[in-house]
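Following are the structures in question.
Next come two complexes built around chain A: one with chain B, the other with chain C.
Our next item is the complex of A and B:
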């Protein structure tokens, strides 16, 4: 049996190489019997390479028909484009054309069209394919926690918000120095602060507090790693909170100038107004004047302070001092003064 | 810009060459530098109109000022966006990959190589002519992919399409 097969092999060899003529078979004989190899130079690599002499190259295999011809209209498209890939004209059964046309011509066809390969395509993201992705991801998803239905719930149970950014780029390295920045946000109303603590906290925070939204924002980027920056931000919040509750000995030396906001009560402005009104001393009819006050004497302090024009003056002065000078504020102040002095 | 310069051995000294070369030759066999007026012509990536027998591809026929209008980009990556790093490294990688492909698949490239980057992944798309048997294409593809992956320490994928003939856009 073995001899039989070898015989077949030899004959096969001969049939395969009709074009090689005598030369190759001679070479094969020399190779097999290990005779001189001087004739060996012409035949490199084996039966695929043609030798010298009269030979016909092995008939070139015709390229098969493209896959588009065999496609069924009900096929599973996600099998054709399972993941992101460049445009393949033989796999996309659409008569797409792309390119600036030659004068009097049409855009180039899809076969051999580099423009179609250059652009990104979304052939792998048909709605059916996306559905399959979602189904595959569902086992890994967990339910949204039950007690967190609205923003109010989120604020109540999870008051601290930490914001970080991750960066993806095209290179071989995943490191990006901008990824270390951490922003911590918390509402001051969710912290347990009394009057003094709140004042002290606002003084400590300065710019980091937004009055309109009542949100304290701490941004840290001084450490090289994101984890370190989050730890630092939490540490800062803790320290702020504890320091706000502490009362130092020197806090009792606080003067009017140290206050964060201007308060009209017990100020020079209030004193001036009271003095001025006392000198004007015209009691308003309908005011509750005590019986001990005579015709030409000034009404008592509380009565004066309760007057509406004094209240208006107080509001305008407070606004001017706290919010700075603006056209509206100055005009309001002018109106208040005119009313006060009955001009 | 073209400056037609000729360096010719001239027995005479020209004033210009004296000034330019800064040497003093008094003998025969002196060389001078002759410069003509400047011709402001763009020559970048252009094949000039000729007899009409040379077929050019879409890529070759459209000049560089058409990029963004009638032509796309051969290499796309986010490192060229504002605030992103690594643009120079990616540019160097692109140049090397193009030369590598040109040499490895010598004579087979039908058109320019398109390079795409998807995160860490480097995708090289090439249009080839059917000059080699498929087995050789497969071998060269595997060789290129593994070699480039080792060079750049990132996964490299080759997407090759073969054509029988080059797709000619017009004849210049």
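Our next item is the complex of A and C:
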């Protein structure tokens, strides 16, 4: 009996449908079945049971036209989506299509599209809405400090930058272990270091220092809490600074091989060049040779070292050794040697 | 006489040479059109008649010159690369290509002042680019100019695979390598026959209780002593080097010395020779290497030191290393400083053409497709114009 009524409803639906598509009728069908089952239980124990005649269904109302037709283009969108909500096809006046198309077809339209409903949307965060948020937050903000207008000012007054990340997620727990990582950045030029302290500091830092930007980066994540890690990073900075200024007894045993960079002065290369030039022993006219030097003797060391080709040679060797070897460096060295030996 | 025989054989290949060079290369044909009277080439475009390195100029770049067979025997008893020697045997002639690096060094040698300390040159380049051949070319020049040539064909051979290692009698902490030393002395004698009687020793050398060489004896006697008495040959090598260094720059000196060392990076590398207790021998502990290090220092004058790097025979160096500082190491670079590094690169287009035509002329390229344009492009691609790669490829064709 009930089943019979269902079928009637369905057929009614089909006939009366004012030109809606197949999906509408299907929807209709789902609604219809939902209705029929509830009716069925209602029939069993409902108060209207008394009348043996056909029960009166709640009169069906036609769904009106969707709200999108009535929307003004200059309306206040933050009133339509004041907070995060799922996608409502009747409220969004955009002809959006989503889904994998059938062969020869197009993605399905928005009406009743589950794909559009499933995904998160940001319709509540349009620029206008965000502006409104900002305006609402402004009374709670403090002013940007005067005197901190440019990046230079920032570096001067606030040289240390600490970077932390907070993570927000919905789940059984709000904690995220990645939130404990703290990165501390500071420019070495803002620290007060002399020659020895700078060299020692650079040796201690190793990879943590970037030569191009002169920024020291300390990343700490050994403690479980963010605050502990920031304290640890500040502690490391303090210790580095103070250790760099100290000079230990064993530092006097530093050899040429221990040095960070190659220095040409007092190197084997300098010795070789001086020996070679001394044996070549032709004083260049116009050089300030001291009175103690005779005609056939070699010019003194300082005079030799001040010659432009020796300077060029020194630059080429230093670059070759410090920057690593390459074709260009080798060619530069070659030119310098040719000039030196006057080839 | 040998030259005439060579040219007679070449005449027989004229017919094929002519057909080849009319079918091919625009490059070299233009060169021919430009200077018909400079190089009257009845034979082929890739050869030059100038077999004297002193007279070779920039316009000979890319062309092959023939090494006179007499010179091959005297100047290069041990100097040429092994594959080149095989090629010489196959083609019945030794042809060396004139290339810019060697010409550059020869030009420096022509203009150098020999009262100043010895100039040092170093050929470097990727594997197989022709460093050893450039070195041999320069050695040929020095030899034709009448210099005394001290040619160490491959220093790497002295730091590996040593069958006999004797403790040195002169210095207890060092080791002698009698076989290598004797071999080298023999080849040295062949190369520098004419100087052995002219140079006199300046010191007295005592070899054993009964054997000694007095002052004023000719160098030849010293060398013979080393060859006959194998045990003391390493010390003889040391003595010879010392004498030559002392005497080469002297005002009354009758000779100029050219020191040619191939595989220079062996001097400051590592060795695989082991002592009896399996501990490795350092380079410093080998007499031959110790003396060689003294030789390449520029504290003597009246000559030049021409060297070449080699990764091929070297020990414990990565395959891709070819730059001087990388192969020589810090110590080596500091000791060789200041030197003129000369780069030897792969063949240029002109040189490649020349090599290709030479192989064709010698009937070395048998495969029919290798004679087509396509085949040539394939060879260019496969070998990347690397001389040794090209030679190995063509060996299959």
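The rule we apply is simple: the second predicted complex is superposed on the first by the 214 of 343 C-alpha atoms of A that agree within 3 Å, B and C clash if a C-alpha of one lies under 4 Å from a C-alpha of the other, contacts with A are read in each partner's own complex, and residues count from 1 in each chain.
In the analysis below, a residue touches a chain if its C-beta (ideal position, glycine included) is under 8 Å from a C-beta of that chain, and two chains touch if they have at least 3 such contacts.
Since we're looking at a predicted model, the values are computed, not measured.
Visitor: Thinking of the overlay built on chain A, is A:117 touched by chain B (first), by chain C (second), by both, or by neither?
Guide: So A:117 only meets chain B here.
Visitor: First (chain B), second (chain C), both or neither: which does A:89 touch?
Guide: A:89: touches chain B, not chain C.
Visitor: Does the superposition put A:148 against chain B (first), chain C (second), both, or neither?
Guide: neither
Visitor: So, does A:99 touch the first partner chain B, the second partner chain C, both, or neither?
Guide: Only chain B; A:99 stays clear of chain C.
Visitor: First (chain B), second (chain C), both or neither: which does A:108 touch?
Guide: Touch status of A:108: first partner only.
Visitor: For A:63, is the partner it touches chain B (first), chain C (second), both, or none of the two (neither)?
Guide: A:63 contacts chain B only, not chain C.
Visitor: Using the touch definition from the top, say if A:158 reaches chain B (first), chain C (second), both or neither.
Guide: After superposition on chain A, A:158 lies in contact with neither partner.
Visitor: Where on chain C does chain A make contact in their complex?
Guide: Contacts found on chain C: 108, 111-112, 116-117, 119, 124, 298-299, 301, 323-326, 334-335, 337-343.
Visitor: In the complex formed with chain B, which residues of chain A make contact?
Guide: Residue list for chain A touching chain B: 48, 63, 84-86, 88-90, 99-100, 102, 108, 111-115, 117-120, 168-173, 176.
Visitor: Within their complex, state which residues of chain B touch chain A.
Guide: Of all residues in chain B, those touching chain A are 57-59, 62, 66, 70-74, 76-79, 84-86, 89-90, 110-112, 114, 116-120, 123, 125, 127, 130, 133, 152-154, 159, 161-164, 166-167, 169-170.
Visitor: Which positions of chain A touch chain C when the two form their complex?
Guide: Against chain C, the touching part of chain A is residues 267-269, 272-273, 275-276, 279-280, 313, 317, 320-321, 325-327, 330-331, 333-334, 337-338, 340-341, 343.
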